[in-house]
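Both complexes below contain chain A, partnered by chain B and then by chain C.
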Partner chain A sequence: MKTGKFLYSQKVAPYVFVLPFILSFAIFWIYPLITAFTMSFQKITPTTTDWVGFTNYAKLLKDKVFLLAIKNSATYMFFTLVLLIPFPMIFAVLMDSKIVKAKGVWKAILYMPALTSVVISGMLFRLMFTEYKTGQMNLITQALGLGTYKWLKNGWSGMLALLVLACWRWTGVNMLYFLSGLKAIDPALYEAADIDGATPVQKFFRVTLPLLKPTTIYVLTISVYAGLAMFLESYMLWAGNASPNNIGLTIVGYLYRRGIEKNDMGYACAVGVVLLIVALIINFAQLIMNGTFKKEED
Partner chain B sequence: MKKKLVSVLLSAAMTATLLAGCGGAADTAADTGAQEATEETAEAADEVEEAAAEETPTATFGDSSGTHLEMWTFVELHAQHYQDMAEVWNEQHPDETIEITCTTYPYGDMHTKLLSSLEAGTGAPDICDVEVGQYPNVVAGLDNWLVPLDDYAADYMSTMVPARMQLYQGSDGHYYGAPYHVGAFAMYYNVAAMAEAMGISNDEVIAKIDAVKTWADYEALGNEYVSAIATEGKYWTCVDTGGVDWMWLAMAEYGEDWTGGFEGPANVQLDSVKKMMEMQQSWLKSGIAEISPDGHVDLEAGFQNILDHNVVSFPKALWFMSRFTNYMADEAGNWYIAKCPVFEEGQKCSVGVGGTGTVVTQQSENKDLAARFLCWAKMSDEGEQHIWDKLGFDVCNAALWTQDSFAHDDSNQFNAFFINYPYDVLNEIGMDNIGKISVVAISPTINEYMCTTTLNEVFEDPNYSIDDALQEAQDAIDLEQ
Partner chain C sequence: MAETKRRDLSHTPSFKIKTILGTGFFVVLCVIIAFPVVAGLLASFRPGTELIRRGLSIDFNFTTMTTANYRYLFGGNEDSRKYFMWYKNSLLIAVVSVVLTLFICYFVAYGLTMYDFKLRNLLFTLVIATMMVPFEILMLPMYKEVIALKLIDTYAGVILPGLCGASTIFFFRQYLSGLPKELLSAARIDGANEYYISVKIILPLAKPAFASMGILCAMGVWNAILWPLLVLKGAEKFTLPIGLNTLLTPYGNNYDVLIAGSMFGILPIFIIFLLFQKYIIDGMTAGAVKG
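After this line comes the complex of A and B, so read on.
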């Protein structure tokens, strides 16, 4: 009788339903997070583990390569935000309008890159951006009479290659987010705007943009994190973690270098904790500015 | 209502990204492994990529009533080797047959699992492959973790290349790992292209190559070739900005080692390194060398560069032979392998690059049998024959190098591909002339700084001061030791 009551209790049910998420969140996120935090205060060798206080963090502050990694990650994040929010949004609006024909085809084409493995696509981009004369980019520059260029050996062009890869891969995904957001906008609002004589541009800025805000905030939040946490793209583009003058080194790349390549897990954890703090600060700042934490006005 | 729809869609999207994230992470784990070994062990890397593509395959083979041994590797081909060897072992030892369960993990996973199980004192396999870059972490536990192989390898020691055995020594001097290959450094020459450009026969070209003893001779032949072909974009050789192989060769020639071995400290400001860099800078300035496209020859652009005959000679380990058969099959019959030049006559002319050492753990319940089987499978005539035929590695047991049936077997693809027999080159080098550069805890730091910074500085700008570049490198490395 009691078990029956428990099973059918409306108070318990919600907790039962969220339990799988809570459990996986606790095991795969909270636990590693706490462990990483404690490990960041340790010196870990294959045989011993010692507490070293803030030594790892003190070393981080003076570590020029780490600062460079932060700069690279931040630049990459900034440009992905600039490129991967407005353009997918415009594409989504176009897809949702009557102007575009064969929408399914376009959507499929734009989404397809997201389905490929970064390992494969990164390798293909590496071949495209090779400094050898047979690379796609160099074929183009040669056709324009500019000669060949060492794309992956210079800072700006290395970042360009990373951004091209990011745009190619994520435009379709972000577009789908925005499309789902657009579907939620009541068509009556557009009809009302039409009756008031609004132009398409006005409709976009006065109706679409404000009502897309929840989606935009979501995309912004995950893009900030994805930008800061980028690693595999850089790893594949330079066929390893060692790019010339570290032009492709990201925060996670540095974490990998320290933790796996140099087997210094304590220091790597300190890098990870800093990444977490940076991502949290940026995201909380933008969420507060966007008013996400304010009570919803009904 | 609408708000609910938005939140439902968003949570769906979020779940999807979470899942995508998981997939991505798995990819990373598998693949990072692949390139982890980038420079010094590019050969392992390739195999790892293949292994990483597979789901951890487990195979059990041998005699099911025999002693059971657990084994891990990160290259499926290696597992195949042990399977074949276990069958031969069981035929030869009917009273102590074995059964092996071999699991192939992705590179990163396997090494992490091995280290954690060694640290935990439970869960480690009997036998395990360890890639040379990861070896310092594993050998750190010395005989607490691993079984010294000295006694088991004793029968083969006299003919095993010493440098390769020393590579897997612990700081206590015991041998803990059994090697697969020498990875001996040799010079590859495109005889066909040289003959065409210089207007002489292949045999005359080979005579010229054989006459090259020192780097000065090498440079002179390079000048002869470049002035004969006199075409823009055609070079004698290429120097690496993304690999330290040339520096390893220079150090081996002078008997230096920038890691400083187990005792350290690391010192990159070595005469050998400076000499090599100066020489390469002068080649870049005089136009007989170019910078390897994308950093080193063991990449797609490098293969294409070789196929286009833009470079006609370069030094690389003997395992690079498989790159020819796999990626440059059109070049069959064009290439000749020879000893590397030296700075001063009488120096060592080769160095072992890359490798995988196989260890027996102290957790094994059948240490004696496992160690005996391992040393037999990797060092005996039968084992080495199989390694050469199936894995295509230059074997460490030098006794076989001179056996005609082994070294001159024309059915072997590498023997057929090159103008000369690879083992003839090894014999000419001689096993005592193969140097060794230690792989210790500081090694990844040195390699990384060289490949990201120093080599780019001195070669992308051939007027850059080598002393300054090496000072910068030393300062960066000193911070880590």
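After this line comes the complex of A and C, so read on.
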């Protein structure tokens, strides 16, 4: 009875409510996070675990495959930012205007790719980028008189395939983010701009763009994360984690290869820690951007 | 004044041309976006060997189409049995995950929103912190942990780590903070206890949030690959994406089942999406506006 009353008190109830989070946080976040750090200083074989200091990190710096993986992930991230922020933003502005009819249909179709599992979309894109002359990409190049191409066997075209897949999957989603951002802008501002005789281009740069900044920062952050941590797209496009000359290898792909396929957990965790540091640096940069934004607003 | 001006504009020829161009732009974009799925759907009515030989070709010649792949997929043979076992596993995991995630995240968010207690701000900061570390970094230690906990190759191992999704808690918190706190004090005066209030009074008010998060969560779980790929070892426990992935061999000997199975695997998600589109978009974009 006494414990019953205790549990029902207003002081204790909040702790009961948040208890699952505390447990999950301890077991599935803080513990693995700390373990990732400690493991990165270890040499782990199925039977032994030895402390090796910074050996894994020293090896990483000289590891040409790792450097290639970083280059691939960084290139992918860079181009997804270039392609998946401005274009969806412009599409959203267009979608929000009066000159587009049947909006619901287009929004639904543009969102569909995000519902498709990477296993399925990766398979479909692998077939479209096939080296045979009947594949879509080769049909296009042949129509342009360029002949056929081995898309998934060369560095730049492999990256192109990954980027086309990314654009296909995320254009609609990012457009919806920007659309919801646009809905939050006070229409009176546009009316005021109209009265001042602003052109549509001026309205975009003076009203829309500045007021979309919170949405842009949000999309930027998730895109940076998704870009840096990309793995499955590459895994599925090349049907496994092995692309020719590692043209599709990403940081997480290398972590997976080392940790799971080669069972070298210590080294793989060092890869993970490097990824974490990069992610946190970008996150802090984003927080600073957010902070300066708030000052402007005041 | 501005209104009448706009209404007048909509009848001018230049506005009509603009409408055709604007709408036409999205028609073209949607054709491009829909292409791979439509091509996949058409290809699923042709032999799998053709996929390997010709890639994904659009061929509207209906006379050469056959439902053989689907008849084989539903045919009760060994492949069909395996496929529907994966389908069933995916459904089971999705339903259990969604129900548990929703209730757990709701109650956590409730605790964080409705009470002023010592650890509240710290805990909320921790919720945000978990969003800042990509899952891929925790993947290997968690894999070792799941082995140590003897949860490897079990559904519990697949489901448990995802139950306290930070973004779901975040969304519920945003929703709940919009509700008047007087509801709680009024109920307390009536003698209701804290848990009764959270279940019987506030929860029904949070139904739209449950709908949004439930659908988003279901889609995420249905399509999850990386973690189930690590945890599940036996083919009889695979989820649909993991199972389909095993068919994706370079030799292409299974493409009949693969293509028909893929298309049938997209179906439940597409149906849910078409039925609950509004909730999905609300839930998804909640974080993007307020930042």
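We adopt the following convention: the second predicted complex is superposed on the first by the 257 of 298 C-alpha atoms of A that agree within 3 Å, B and C clash if a C-alpha of one lies under 4 Å from a C-alpha of the other, contacts with A are read in each partner's own complex, and residues count from 1 in each chain.
What we mean here is this: a contact is a pair of C-beta atoms (placed from the backbone, for glycine too) under 8 Å apart; a residue touches a chain by one contact, two chains touch by 3 or more.
Computed from a predicted structure; not experimentally measured.
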item	value
Three-chain arrangement built on chain A, chain B and chain C clash or fit	clash
Chain B versus chain C as contact partner of A:39, first or second or both or neither	second
Partner chain(s) touched by A:144 [first = chain B, second = chain C, both, neither]	neither
Touched partner set for A:130, first chain B, second chain C, both or neither	both
Which partner, chain B or chain C, touches more chain A residues	C
Which of chain B and chain C A:289 touches, first, second, both or neither	neither
Which superposed partner A:259 touches (first chain B, second chain C, both, neither)	second
Which superposed partner A:244 touches (first chain B, second chain C, both, neither)	first
Which of chain B and chain C A:118 touches, first, second, both or neither	both
Touched partner set for A:214, first chain B, second chain C, both or neither	both
Touched partner set for A:201, first chain B, second chain C, both or neither	neither
Chain C clash site on chain B (candidates 21-29, 93-101 or 201-209)	21-29
Residues on chain A lying within both footprints (that of chain B and that of chain C)	117-119, 127, 130, 132, 134-135, 176-177, 180-181, 183-184, 214-215, 218, 231-232, 236, 239-240, 256, 260
Footprint of chain A on chain B - complex, ascending	2-3, 5-6, 9-10, 13-14, 17, 20, 24, 27-28, 31-32, 35-36, 38-39, 108, 115, 118-119, 137-138, 140-141, 241-242, 293-295, 299-301, 304-305, 441, 444-445, 447-448, 451-453, 456, 460, 480
Chain A-facing residues of chain C, complex	2, 6, 10, 15, 18-19, 21-23, 25-27, 29-30, 33-37, 39-40, 43, 51, 53-57, 104, 107-108, 110-112, 114-115, 117, 119-120, 123, 126-127, 130, 132-145, 160-161, 163-164, 169, 188, 193-195, 198, 219, 222-223, 225-226, 230, 240-241, 244-245, 248-250, 258-259, 262, 265-266, 269-270, 273-274, 277, 280-281, 284-285, 287-291
Residue numbers on chain A that touch chain C, as the complex places them	8-11, 13-18, 20-22, 24-25, 27-29, 31-33, 35-36, 39, 91, 94-95, 97-102, 104-113, 115-121, 123-125, 127-128, 130, 132, 134-136, 138, 168, 171-173, 176-177, 179-181, 183-184, 191, 194-195, 214-215, 217-219, 225, 228-229, 231-232, 236, 239-240, 252, 255-256, 259-260, 265, 268-269, 272-273, 275-276, 279-280, 283, 290
Footprint of chain B on chain A - complex, ascending	45-47, 114, 117-119, 126-127, 130-132, 134-135, 152-153, 176-177, 180-181, 183-186, 214-215, 218, 222, 231-232, 235-236, 239-246, 249, 256-257, 260-263
